[in-house]
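Here's a structure for you.
So that you can tell them apart, the chains are marked A, B and C in the order they are listed, and the count of residues begins at 1 in each.
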């Protein structure tokens, strides 16, 4: 009553190794295991009864057989593995539509300030945004290659001056900074606020969005 | 064990299973006491044990011979009682149920004319059948091919593992970012003025600095002659706030006398 | 200026869908993705430009093509997937010496009750089995992703109601709960006492201790 269920299938004895069957087993194992399998592992499939040379030959045959498909058998440092071919990637990407990532408001506003008011220090950005600018925001933009430090302002602390890069223009399909959306309205706002000596940016009374 | 046999149904000394008299507990029912763990592992519980006894001895499930079943069942439970009573609680509960059913059957059954005869075994039979049904279903489930045990799911390496996609922005995004900054600046204007020029907390720090090194300071000395009205108000608020937080003490010797302020030593 | 950025790799336009190429893409996707893929997902590979009927036909062709190998294309509850055939498993087991644990009778009976009587509470299971159900039994099944709590019964204590998952069907190669082995009827269970059938879990007659 406590007899365990027997495995459904027992391997056929491999007295007379049949190359077709061996290829089938190799193929199944390589497809089922994602990590690369070295020959030493693959030999375990056959209780180490087959030589590495025999297996290598069969692996080459499998590689050949698969050459026309979207998946290929390759050797990497740690062994053999099946992997999708590069030309399949654009299709596979459609299956996992990574949610289109977006930059946070902090990143976009910081970038806008640098783009329109460059060169600016971090302090300038904080003053305009009215809140602190975290280092990660600047790092994100530097890592993207869109901004860079172009010098230091000659004030205590010698803060870095940031500006946008050529790469930023390229990525936004711009030939020059002048092609950024004009800020006619903004300019007048900024100028008016300068006159008021009050706030850096104040909207004129009528300018509703 | 014999005491169990003797105590049960001595007026009916020999049980009959399907017409065959049962003279003693079948040998295959004997489980040595030290095999209790095996026993408990072997049977899933009292229902399982009852099913085993019924099926093993080809008893008619719809007409369970209660005396027989109870007798055999108790023989098993007696074994359990020997040293691991606590493990056998569920079995003992079943023993009580079996005895209850048996006693109900022994008692005269006052039947009313409308009431259908109620067999006290019916509920037990229902439970046994339901359990057996699920037990068999479990076996069949286990015979289905099972991922990992009987087959492996294919997952080949994706060579170019998706490169993290970077956000794209549009020049309009920059424009809108500007607009957002300006809108916010307008909303925050008054708040910013207060915070930047008239911070009570900033003046609190200043008052504490003024008091430092002095035993006490005249109240009006805390106000700079050049202070604007706003500064005077904020300084006054700062002093009140400091007093409230027990950071300074305000004292006056007599009516209209000089008001003194002194810092409270933290010690 | 408002042109969006182009992805780096664009698949070839599929104006003239080439069945061989489509099969190749389908095959690569099914080999690369572990979870079963429903037709709706597979259609995404081709920007939903191919009908479900066309894909089903091509999938059948792929299934046919693979029939002689150690790997098969099957449909389960969540969609299409490649898996090794049962006769490959004994070989594959040699690669992973730590055997897949076989489930205890307690686990299997609990699973059966949940599968056939769902949704059920732990109390329901205990009632049918006649013994307490240890938490570890339920944890085992939850960890495997085969059962999940789907709600609470509106009685004192608000016990959780358990049901089987789609993953359970997938792992058992089933497309729907209806494909579970049918329950033996109570009637046949009653009659079986006449025939003295051995229960599968029980010892054969002769095996005495």
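Just so we're on the same page, a residue touches a chain if its C-beta (ideal position, glycine included) is under 8 Å from a C-beta of that chain, and two chains touch if they have at least 3 such contacts.
Note that the coordinates shown come from a computational prediction; the quantities given were computed from them, not determined experimentally.
> Let me check something: if the centre of a chain is the mean of its CA atoms, which chain is farthest from subunit B?
Here the answer is chain A, farthest from subunit B.
> Which chain pair has the highest count of C-beta pairs that touch?
B-C
> Using CA atom averages as chain centres, what separation in Å is found between subunit A and subunit C?
32
> Find the geometric centre of each of subunit A and subunit B from their Cα atoms only, then give the gap between the two centres in Å, rounded to an integer.
Distance between chain centres: 39 Å.
> If you average the Cα atoms of subunit B and of subunit C to get two centres, how far apart are those centres in Å?
A distance of 28 Å separates the two centres.
> At which residue positions does subunit B touch at least two other chains?
52, 142-143, 145, 150, 152-158, 168, 170-172
> What parts of subunit C, by residue number, touch at least two of the other chains?
Residues 1, 5, 31-33, 71, 82, 84-86, 88-89, 92, 102, 199, 201-202 of subunit C each touch two or more of the other chains.
> Which residues of subunit A touch subunit C in the complex?
1-5, 7-11, 24-25, 27-29, 31-33, 37, 41, 44-47, 68-71, 82, 84-85, 88-95, 97, 171, 173-174, 179
> Under the touch definition given earlier, write down the residues of subunit C that touch subunit B in their complex.
Against subunit B, subunit C makes touches at 1-2, 4-5, 30-34, 71, 81-86, 88-89, 92, 100, 102-103, 105-106, 108-109, 111-113, 115-116, 128-132, 170-174, 180-181, 183-184, 186, 189-190, 192-194, 196-202, 208-209.
> Can you name the residues of subunit B that touch subunit C in the complex?
27-28, 30-31, 35, 44-48, 51-52, 54-56, 58-62, 90, 94, 127, 129-158, 168, 170-172
> Quick one: which bits of subunit B touch subunit A in the complex? Just the residue numbers, please.
41-42, 52, 142-143, 145, 150, 152-160, 162, 164-186, 188-189, 192
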